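Next, two complexes with chain A in common: one pairs it with chain B, the other with chain C.
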Partner chain A sequence: MIVKLSGTLLRFVGYKKEHIIGEARTITAALDSLTTTYPTLKSILYDTHGSVRGAHQLFLNGEQLLPEDMKRQLQETDCLEILTAIAGG
Partner chain B sequence: MPRSHTVDYPFDTSQFTPHQFQSRSLLSVSFNVMWGWLRTHFVSFRDGVKNHGLSWVIVGIDIAYQDRVDFFDDDGFTVEVKGATLRKNGTLLDFNIEFRTAEKQIAKVKILLFALKVAHLDASLAGVTGKVEGSLLKKLRPDEIDDTTPDRVVPVLLSEIETSGEILAEGNISLTIHRHLCEVADQWCFVELMGIVGRGRENLVQANTDKGDSLLKGLSHPLKKINAELKKAYFLFDECYVQTKAYQVGEDVYFVHNLSGENKKLHASVIEKF
Partner chain C sequence: MRSFLDEQVNRHVITRDQLATPIPKDIFIESAELGLFSASLSKNIGGGGLDPLSYGLLLEDLGKHSTDFSFVMLSSLFPAVANTIQETATPWMIERYLRPAVHGKCLASFAYTEGADPFSFRSSCEKKGDKYIINGEKFYVMGGMQADLFMVYVRDEKNDLLTFLIERDDDGLEIIPLTTMSGLRSVGLAGLKFNNIVLDANRILTPADGLSHVQRFLNLRRISVICGLVGKMQSIYDDLMNNLIGTTRYERPLTVMQNVQSLLGKMYVSIETSRAMLYRALEKLRDKNIEPLWDPFLTATKYHIVDQANQFMLQVFRLAGGKGYIQDQQYGRFQRDFTGLIPTVGAQDTIEVDLGVWATHNFEQRQHRKKAP
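Moving on, here comes the complex of A and B:
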């Protein structure tokens, strides 16, 4: 599957917009894989309770995800997009 | 009476087109004096973000050029923030700014900002919708608070143009948002909106120089007014698509620009009047 990032998040993933994740059965697993590769992304993406911060929105194949969707099963062809709603300045 | 803030600047050639003070320069200077007003009377940009989790994004711009002013008219200009008003229950802040030389009025600029709560003060500066409240609210005077919602100029004007105007030409450009178009959060800087739509207009005019004098006004005449609504930010390396349509309405020529992204969602609309 592919994880796409944009905006302020790019600097935490080496300015690479698309990341191919091999073995990820759920959205949580895909994000875990990404934050393992890019550890500084973890505190940016997650709050202290381990939930994705409200300022970042997740979309699976264009459909916006809710917090309860994190265990949703993924297919090899899925595209998970992480968008930052707005940034200050 | 709302509190003001005044700053003098020297003229330099980069602030001008052959016809007038550049709209991009108007916004760049406006952005700076707005933060001067806030630093003097409310809270500085840095202090607001760092210590109060309060930031702002720009959602509306109205520019009305006044007298014809060119580079040789004076050695410098004065910018005065005539006042700032907190609107819509503390969620919006509007600024009225005037540019003038000793002898002439250059332009009146209105800028509408939307309050943002910086949810987590990390390097991303990511935020969610916010409002001015608590101790910060007390820094504003009663006459600087008005809970009404500002009128939206762009949709009304666009409807009038589309109803009564004759379309002259239409074109598209695209560009990638690089850092020279961005601010500290790697988010596009609203100041650059004017240059981006100017590029769309100039491309359209130059591609249609055989279509008569009306369209040519977009290059040969000074701008009279600009109205813009900003809906969605672009970020570093995002693609920006600009669709431009030119209309004749009576004696005036309007250029209507819609900016969208890869997902076709509207990021901003700008109407330029010549």
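Moving on, here comes the complex of A and C:
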């Protein structure tokens, strides 16, 4: 499967937009795999309770995901996108 | 309301602008007595409880009649922060900060920007026993010279952003006046320095994910900040029209000349497209039909109105000629004030990028859905 990132998050993944994740059965597993490769992404993506921060919107094959969707099963051809828009004051 | 604005706000605007004097705090107490300052605050704490659409119209009207645009900005800022505090306030915070806020006696501003993206903030909190030690610096705090309370975002040891309430009189808080800005010169812009400020846990507004908290605040603030701008564009337009009708060239009023009519037409489009977007945004807010942290339409509305307002002022100068430039100081002041909205609550260029990313993403997602079985 592929994880796509954009905007502010790119800084934490070496400015690489697309990441192929080999073995990931759930969305949580895919994100865990990504944050293992890029450890500084972890505290940016997750809050201290281990939930994805509200500033990031997750989409699976075009469908926006809710927090309860994190255990959803993935297929090899799936595309997970993370969209982050953060403004200054 | 009109006599309050004329006597207390508008009368001293030129001097305040020239000297970069912050609008006095007492003005907000009077504003609260008239019901303006507290109009958007919740009825639960004694506010007017206006819905977002009604409140937006009130701010638009304020923009029309106040000649000090800094007052318009602060009149929407302080209540916006108070409303955000109320969302997660403890009973202690409500009594200490929000009930006085209804009477204009506790002005709350927010301290966020450090001249860097939020993942690079240096301001920090360190937990020692049951206390929190705050250190760092915030660069630009609107209303910082008048505020009694600051909603402050700092990093903890786990690299999470937390929100604290810091009082003006807290030991270790240094408030530095900033007076070199080109516009909004009576807004009371300040820098803040936190030098080992010791706080109890009761000052924590959000114990985790302050990033989402501030994005939620800024999302709403992008609309309250521009309501007055639409009103101000309208009042400048009316004033300009009055001058043009009263000015004759070749024995005819300027307004019958086609080049003048063309610019007036463009300016009318600026005002009405701005107003149309604003009203739709306010309706979306009233109906709670928005993305809570970053709504593309609210963001586009802020971008459009600020962009239009700044182009509009250039057109004012093209039509007002030498009289507008030499004799009438207010056009120049408003032009400078309007530039102050370019970097505020999401800089215009950042918004362009974010909307471009969002639009591309949105298109790709729609393509994805079309292909799906």
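We take it that the second predicted complex is superposed on the first by the 86 of 89 C-alpha atoms of A that agree within 3 Å, B and C clash if a C-alpha of one lies under 4 Å from a C-alpha of the other, contacts with A are read in each partner's own complex, and residues count from 1 in each chain.
In this text, a residue touches a chain if its C-beta (ideal position, glycine included) is under 8 Å from a C-beta of that chain, and two chains touch if they have at least 3 such contacts.
Keep in mind the model is a prediction, meaning the values are calculated, not measured.
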Quick check on the chain A-based superposition: chain B and chain C, clash or fit? clash
Where does A:T36 make contact in the superposed view: on chain B (first), on chain C (second), on both, or on neither? neither
In the superposed arrangement, does A:L10 touch chain B (first), chain C (second), both or neither? first
In the superposed arrangement, does A:N61 touch chain B (first), chain C (second), both or neither? second
Which of the two partners, first being chain B and second being chain C, lies in contact with A:Q75: first, second, both, or neither? neither
Once the structures are superposed on A, label A:D47 by its partner contacts, choosing first (chain B), second (chain C), both or neither. both
Selected from 95-103, 113-121 or 239-247: the stretch of chain C that, after superposition, runs into chain B: 113-121
Touching chain B in one complex and chain C in the other: list those residues of chain A. 6-8, 11-12, 43-44, 47, 53-55, 85-89
How about chain A: which of its residues touch chain B in the complex? 6-12, 15, 17, 43-44, 47, 53-56, 84-89
What does chain C use to touch chain A in their complex? 110, 112-113, 117-119, 140, 158-160, 208-209, 211-212, 214-216, 218, 222, 292-294, 299, 343-347, 350-351, 353-354, 357-358, 361, 364-366, 368-369, 372
As the complex stands, chain B meets chain A at residues 49, 55-57, 116, 118-120, 122-128, 183-187, 233, 235-238
As the complex stands, chain A meets chain C at residues 6-8, 11-12, 43-44, 47-49, 53-55, 59, 61-63, 79, 81, 83, 85-89
